[in-house]
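Okay, so chain A shows up in both of these, paired with chain B first and chain C after.
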Partner chain A sequence: MIRDQLPALQIVVPLVAAPLCVVLRRRAPVLTFALAVVWSTFAIALALLRQVLADGPLVYALGGWAAPWGIEYRVDALAAFVLMFVSLMGAVTLSYAPRSLTHEIPKDRLHLFVAAFLLCLTGLLGIVITGDLFNVFVFLEISALSSYVLIAMGRDRRALTAAFHYLVLGTIGATFILIGIGLLYMMTGTLNMADMATRITAVMGTRTVLAAFGFLSVGLFIKMALFPLHVWLPNAYSYAPSTVTAFLAATATKVSVYVMLRFVFSVTHVRMDFGYSDLGALTIAFSLAGIFVASTVAIFQNDVKRMLAYSSVAQIGYMVLGISFASVTGLTAAIVHLFNHALMKGGLFLAMGCFALVIGGVRLKDLEGVGRRMPWTTFAWVLGGLSLIGIPGTAGFISKLYLIRAALELDVWPVAALILLSSLLALVYVWRVVEVAYFRPPPEGVERREAPWSMLIPTWALVGASIVFGVWTSGSAGVAARAAELLIGIAP
Partner chain B sequence: MNGLFGLFNYWVVIVLMMTGFYIVISRDNLIKKVIGLNIFQTSVFLLYISIGKLDGGTAPIVKEGLESYSNPLPSVLILTAIVVGVATTSVALALIVRIREAFGTVEEDEIIKIAGTE
Partner chain C sequence: MKRQSILRVVSKLLIPYILLFALYVQFHGDYGPGGGFQAGVIFAAAFILYGLVFGLEPVRRVAPPEVVEKVAALGVLVYAGVGVVAMLKGGNFLDYSALEQHKAHAQHHGILIIEAGVGITVAAVMISIFQAFAARRAGR
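Take a look at the complex of A and B:
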């Protein structure tokens, strides 16, 4: 009975919990309740993933109204995989939040923070699970509006302007997506993705569909912060509270990449040339430019949080590159990198939160000699950094391996060479931090003081997972390959 | 009717959209940016509503003698989008109030100057 309702519960549980947190108000009950909610959301996602891997895609008609009239939720291998890691990141970062937030937001706002966090999680999960295009827009705005609020809660007053800047660009992006959806609805008369996929073949290639494709792509590129539409991201990530940065970096942009995958491969069915022949070459160029420009800019940052933010822009480049190849291996690389990058960047940003709490700043100057002051946190950061570079044995290596294999399959070896070269740039910026942390003496008179356990455990959980999934790949790359085959249309 | 100005609703949409977009890009005053954003969003609402309308179509009611009716779905969708737009505007205005408290101005160039010194 409850097994059949899992897709609805996935969304309803965090959605209903958010206003309840506002009502509960007091710190202890809010935190206990919210943690119970996020971990049960993760449990639901795991159950869905198991069910989908065993029995194939699930379709759930909301309120019993059959599609295409009603809204349906559709969970296939790809959706279940993304749901799983988004809810995992929500659960881990919220477990980390209480201690970290004590020095970042006023005590009497905690319940509001938790409510906004749960709404953001609801929106992100909703985007992934829904089978209705207009629903995607609505959930996109739910997650976006709550993330503006979360970012604005940062301690620095520049968090406010960063949030406003993000709001303006995010709204333009969402409105572009809305235009795209409207034009598609005009041509096909349906909003259901599966239904649209069958109807769109008749109108494929018309100018309206082409325009819809353009609006949707640009809107999604803004949302996922693909270079050169990434300008909102560095400030937003630098000034947001540490928990929020870790959560958004691990999930928000990834979900936009997921929508892109869904839209290009499940709805429009256009494959080898990424829709319209020029666009494939264009996205390859943009993603490579993004990888190199953002990594180079990252090298020159003195604020480590900002450095990681630019590195995130570069990592989005790898994902879009994988999608642009439009082969099974390329898509596997993109999908597995969604997951691997969520683990490593989540872990890195959580470690930054530990530094911020204990030391009070995250500029390179503040981190001098931190390897001796906070050995566990620093070592976690280094492992995350190694994964970012793509050292064998880490999750980052698996992503790059698939990506390079995909490039070689298509005989574009210059692209493969560029991917390898770009890893060196990551090595440079990670090394800058390692050098400062281990080879500079700590300032006089500071004692060795580690971050609290409630923050170290979530950090190590993510960093540890990025090592585990660098060795045991059937749990990540295996599922990703299945999802990729599904998208390309090889497997049922 | 089908000439360059036949489908005049699209022209209205395009003019409004570009007006709004231009205001967002060119104005430094944050309140004016929000106004521009609103015009930009409204143009898309009009696009949706106008594609649902049929020449001579009536409301979707089953009644003798009424044969063609306009599609009600786009209007319903836009009700949702209007709510989203109102929510966005209110969050934006709330942020502007906080920005005014923190920086003492709502002009973007002045804020950048102040933030640049930190």
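Take a look at the complex of A and C:
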């Protein structure tokens, strides 16, 4: 029985846990309970992934109402893969949180923080699992509203303006998405994605559908922070509490990319590269521009957290580039990079949290000689950085390998060359930190002091995973390839 | 507004009826216009009126912020609880038909409880938003 209920439990468990945390209120019970919840959410996601890979897509009718009238949850290989890593990141970052939050969040707000965190996780998982377009919007708002709250809890007062800025842009994005969904509903009379996919062929090419496509794309580009609609991201990531930055950087923008994939390939079947709206050429241009501009800006940042935030904008460029190729290899690259980037950027931001806790600042100046003061944290950072560059043997290499192969398949040599060139930019900004950390003497009179184990272990878990998945690729790229074939429509 | 006796007397007269009307909108939602959200807002309006006329302290005594916070969470739990009970009884999440033997009654009761949960949360959240803003102006 519980097997049949897994898709609902995936959402219900964190959803019910959030208000329970508010009721529990006291620190120790809240944290113990929330940790149990996030890890069991991850266990559910793993069970779903196993089930889907073995038996094919799962469908769950919410409230017993069959689709297309009711809301259905639909878990296929792609959804299960994204659910798995989103819940994994939620579990790892929350395990890291207790120690890190003690110096970032006022004591009397901890239970509210945890509740908002769980709601955000619920929203993100919900976006992925649902098969109903309007439901996507609802979950999008749940995750967005709670992430504004999480960001605003940052210690720096600028976190408030960053959160407000994100709120304004995020709301514009969500409104655009809602308008797009409304227009599609007007033309097809259905909100169920699978149903819409069959009905939309009759009205394809009408101006209304074209407008819907435009609204949805722009809305999603804002949400995923594709250059040049990324302006909310650097401040939001820089001033949010470390745990929140790591969690959002690893999941929130990725889930928007997932919605894009779903919408383009499962619902509208728009082949982005075949002239329907010239979107393919446009997104290739934007993603390449994003990769280069954001990486260049990252080089000139003195705040390392901010540097990584700009690097995230560049990484979104790689994912959208993969989608723009609209081939199995391209999509595989995009999907596997969702996962790989979540691991490495999550690990990097967690390491930043360790620096912030021990040193108190994360500007380049604060990190002088940190390689000798905090060897374990610094080495984790360096490994994450190598993965970001795409050194062979790291997860980042696998993503770039697939991306370049996809470019070569389509005979777009210049794009492949640009991808290689962009790795050099990543090398520059990672090296700036490495140089400061290892080749500058630490300030006088500071002792060697490592971050606490409760923070080091999650950091190393993510960084270690990004090395593991650089070597053992059947668990990541293998599943991603299956998901990509599903989207393109080769596999059932 | 200590000296505005008309306002004070009229609000004292109105508040019980506002609360009563909220309950009417709440439980009449399945026969006429209404439902949990509207009822919650109307219910909270009574508290907000009380706060506006008599000040923040009295409304904090009636609805202490810690309690309001818990009540807001409670509403969500009532909502989700119905879904979980339906699951435990062998149906899908939020499948009211699984709640009782008689399907029509089950659907009826299910939606009433769900709407009650919505009403509780909306009322509590409205009150806490009002209290947060009012406390800010008073410099607390």
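Note that in this section the second predicted complex is superposed on the first by the 488 of 492 C-alpha atoms of A that agree within 3 Å, B and C clash if a C-alpha of one lies under 4 Å from a C-alpha of the other, contacts with A are read in each partner's own complex, and residues count from 1 in each chain.
Rule of thumb we're sticking to: a residue touches a chain if its C-beta (ideal position, glycine included) is under 8 Å from a C-beta of that chain, and two chains touch if they have at least 3 such contacts.
Not measured: the values here are computed from a predicted model.
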item	value
Touched partner set for A:Leu20, first chain B, second chain C, both or neither	second
Partner chain in contact with A:Phe325 - chain B first, chain C second, else both or neither	neither
Which superposed partner A:Leu62 touches (first chain B, second chain C, both, neither)	second
Partner chain(s) touched by A:Phe117 [first = chain B, second = chain C, both, neither]	neither
Which superposed partner A:Tyr185 touches (first chain B, second chain C, both, neither)	first
Touching partner for A:Trp381 - first (chain B), second (chain C), both, neither	neither
First (chain B), second (chain C), both or neither touched by A:Val138	first
Broader residue contact with chain A after superposition on the shared chain, chain B or chain C	B
Touched partner set for A:Ala8, first chain B, second chain C, both or neither	second
Chain A residues touching chain C - in the complex, by the definition given at the top	1, 5, 8, 12, 15-16, 18-20, 22-23, 25, 60-64, 115
Residues of chain B touching chain A in the complex	21, 24, 30, 33, 37, 40-41, 44, 47-48, 51, 74, 77, 80-81, 84, 87-88, 91-92, 95-96, 98-99, 102-103, 111, 115, 118
Residue ranges of chain A in contact with chain B within the complex	134, 137-138, 141, 145, 148-149, 152, 157-158, 160-161, 163-164, 167-168, 171-172, 175, 178-179, 182, 185-186
Chain A-facing residues of chain C, complex	69-70, 72-74, 76-77, 80-81, 83-84, 87, 90-98
